[in-house]
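Letters A, B, C and D name the chains as they come in the text, with residue numbers starting at 1 for each one.
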């Protein structure tokens, strides 16, 4: 088996999900390459060493430029906050490294466009970790839609609801809380949560033509962990938008961190002439399917427990009825990336694919400012 | 339209459900007969008058023998506690009256047998109010099973769980509480709740060959409302039994009034070679259906919202999506009874049909005493 | 008991729900008045007679003006298509009749304003049949919100999804299909379905400040049943809008008749600082409640089976665990209307209350045309 | 960190779940020991080598006696079919090895008793892989019960339903199908599935006093993969039993491989005076909890999404709302075993704990033969 030498940058929540995926993938998937955990890079050497110990990285770096310069690294995995993605990715591309980049791709569309140019010029394999495409139930939805099981699509609706920032005592900035700091995160729920919804939506239902959004920041000021001062909050706490897809279907999207009772409730539903599909992240191993072709008297939403060998990815895991969880989506992402290396057909979403989501996010945030419908630029 | 002159005996919970059904049935069903509420009979004249006022009965009686003697009554509806069913029904049959009798038919099988003999000798139309057969979802289950949609049956399981007698302060006996008094009720959950489960089971899955039961009385003594004294509780608070049906399938049944959190959770599930069905009373307008013939990848339990015109009884009500409730099962029962009068094919369950449930209950209670498997006598 | 002499106009779906409510209400509620079904009015005498037979109306009329002129009628119940509400209601008010009017109040806000003026000038009791306020679970939600159980509100979302007009073969106009004919219905899903969502939302969460909508007509032309010709469809098949409430909360609303798999799925959810509530019409007897004050380890959405005596309206029906259905909301509406007569505190929604929904609908339809945010006029 | 040198015997489904657990545990839990995958033992050297490659075992053995004899092995992990557990475990104990043994402990109680004697004499740490105790939702149930949240217990009910052996074409015996071969498996669903139900039940609700069972073998003969002949099937395809616990509560248990539509539906529910709990394996990350102390009007089953940091095990995984799956229960088992080594308080279930389940299974199978209530022997 060939080695795929990985250098990870970032040791937070996403550093953990990626590391776990690299470690597990060959236990469950037969692949041509085996990821080898060569180095973890973090500004704090102590934290890098702790992380390396816990996850089995062979070495540590404290300067990502040094990591990129290393000859023994094939793939740079970017798991840092959003405002550093572009610089690292462009440098890694120039150095000829493969790149896996945490979502969202970039702070905005123009920045993302440069990243796409860089990886395409360098011709390096690249991917963005929009992991929810790899939930087996979501992949099954994609198969059914592509086979025409839903017919003409009328409606798409998606939500991503959380409730972790309701307390005004929660500060902004710093480890774990950079998602509240616009300078680091770029935006609030739009880039963090709606980006997931948009990525899935575009994958399942094609491109979005235009959007009309509203955003809100419920808590106007929060203490900043770095300055110690109460500062204006500049991210969007909530965002909802109407959209029209190129295929003529209508959509509603909503995300918030103020929906009491929902921890990470990403849901989508798609309604077509022949059938409908619905899914939610809180029971990610299930897909709801309504098939109008079923006999009328016994028609009903089918509650599909996606744990069987004939369903996407599942023959690699346990036995029917035994569910997998969140982390497995990252394992699937690595498996697909490696299969893309072998086949020469890059696994999605590439940087270019992910740029589309960036453009939709830009249009959404612009619409919230202009209070008008905004067209999504072509990628 | 022909008149069907009704004389009701009893003004309790069941007096209300029956009266409502008689009043509503012609608003929704096209029938040859129209029930006319001629008289309500209760020992207390005041209560009879109040009830007559509320429900539109034309007259009151305080002696059920007088009611039965009246020429202007076609149908005697028995809605009294269990220990009076036999005497009233046998007298009504002798008087040539049609009879609708609240369930359970009788205090036990031998008593029920006499009732069957009386109505069959008198050749009067007769029915027992096992209303859950007339839940549209349950009737749909019956259709599917009879059409062979489930194939060979392997398993049946039913439960009826309540929680209203957990408090030791609750007395036994008297209005509303006669269900705790063995002299009036005959038994506890067996005749009250399991009788429903058994009636449905036998209807859907055929006769039961033998049973093996355990019963328990958790609160051993309760104050009796009539004597004012603390007396031994002689009913079964809980009963569970194993059963084997004649068709070779295995079953479990359970009922209790000590299942905290369940108000009236009657559920059944039936598993066959080709499919399965499940239903519960807390969402009575839904039927769960698993069809093994569906394509493997998208097989799942179908959650059928039984509110459409092609589903049993539903074309008579509102529009698709709008659910009916508990009381409508009684309306259906009256509609079916009347259609039986018109067609000459008596609607089920007749007294004879209901006698089978009585025999199963007897075997269950006997088994709880003998601690052995007991055969169900042939009806 | 005093008599409340009812004259009904219209014999369709709503004529049935209202008649059933008038007939049942005194069986279950202790009230000062008893509705008496004096007359049913319909243009077709045959249909009026059939309906009178089925429901027990004492007489028939074929001209609603004649009905209004009758001295023996106290209350005019309007169950006709939308385009006749105003004329009838204004005439009835002038004649000093009480009025119950099917929703939506009017074809648009200006028309509704005249109706409000008429009933207020005449000082006649008046109400609009927004029946979903009287679902016990929805009334319970109202109680909890009014008691402050949710705290500050951040989000409201509502949907009303159907799928009955997907076929292009379905014609527009005529009996049962007037909802597709803009001249009769005023609008499509906005006045038909979103009006319900808006009425509930304003009741639960206060007034809406502004809206931003999109509408779509998926099937552009349909045969008209009256002309026999293929004509342009002028109603909205689908409508979604963003909204901001006066209390600072954000909302999304959506309705369509093209959501395959949903018959009448009206759902709402409201998220506050201290808790959240959710409800859906397909299981109308349940309320979902999340209480942040619960201990963290065992916090979860409570699935409340609203069938108990301490829950709104339910002590009047059966016993705990036994669900009521759609029709009962109309019974509650009549009970509340009558209690309003007795107490002198009119039950909501009055015409004035319902006018607010009309103004929101107007703003929604205007926004769909202007493609801008539109303020809701003050009622 | 100290090394815990593991020698695994068996490379099937359970060999995979255990190996995954050993590999992952230190990535997520801070522990004193780190499992090191020293050797995998299988009769087929090729298969052993393949497995070692896939999972990172340092060496292979083809004779388990040789494995046990190795000085560099601290812990023998038994993941072989049931009929070899006793011989291996007793030998491992004699060699002073720690032992983790796949469930069920043994072929029957007497055999299990010898195993208990062996490990207790040798004073070696020992555990049986009843992994469902380590589902966070199940562990949370245990906490709540132990804290008295349910009060006096009235009822326990458990089911384990599958549907994978319905086809008569399925052979018995051989890889993956040894569960149909009584010589290898000992029994059918009783030892395979009910053993899980019993282990959880005894853990949550204390010891079982007596049982009354029925078993069935629906397909009487199947081809044997080893002999190639059609042979009598000697396992139980289905088993249901009534039980009484020492604490006075009543129980029903059922398991089958003929419940069409259920892949691995292990469910339990427990009803106490103050509350109830329910759980099912198909949504293992959820716990249902009914708390009678909640205000009556808003009482309902709480649907607890067990993914938060204050819930058992979950602070070690991802962030709230992101579910784990089946495999994580094995990781928790290893973590608890290691914490038991550190603390000197052995994690449950030890061999002695698991022997109790064996005795219950023996009583169940005996009762099915004698058709009588059978007492469970004291462990």
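The rule is short, and it goes like this: contacts are C-beta pairs under 8 Å (C-beta built on N, C-alpha and C of every residue); 3 or more make two chains touch, one makes a residue touch a chain.
Computed from a predicted structure; not experimentally measured.
Student: Please determine the option from B-D, C-D or A-D whose contacts repeat those of A-B, over half of the contact pairs being identical by residue number.
Tutor: C-D
Student: Looking only at C-beta pairs that count as contacts, which pair of chains has more of them, C-D or B-C?
Tutor: Result of the comparison of C-D and B-C: B-C.
Student: So how far apart, in whole Å, are chain A and chain C when each is placed at the average of its C-alpha atoms?
Tutor: 42
Student: Take the average of all CA coordinates in chain C, do the same for chain D, and state the distance between these two points in whole angstrom.
Tutor: Here chain C and chain D have centroids separated by 55 Å.
Student: Once you find the CA centre of chain B and the CA centre of chain C, what distance in Å lies between them?
Tutor: Once rounded, the distance between the two centres reads 36 Å.
Student: At least two partner chains per residue is the criterion; list those residues in chain A.
Tutor: As it turns out, chain A has residues touching two or more other chains at 262, 301, 305, 308.
Student: What part of chain D is in contact with chain A in the complex they form?
Tutor: Residues 13, 16-17, 19-20, 23-24, 26-27, 54-55, 162, 164, 262-265, 281-286, 305, 307-308, 317-328.
Student: Under the touch definition given earlier, write down the residues of chain A that touch chain B in their complex.
Tutor: Listed in rising order, the residues are 140, 143-144, 287, 289, 291, 294, 296-305, 308, 310-311.
Student: Under the stated contact criterion, what part of chain C meets chain A in this complex?
Tutor: 150, 154-155, 157, 159, 161, 163, 166, 212-214, 216, 218, 238, 240-242, 244, 248, 250, 252, 254, 256, 258-262, 271-276, 290, 292, 301, 371-373
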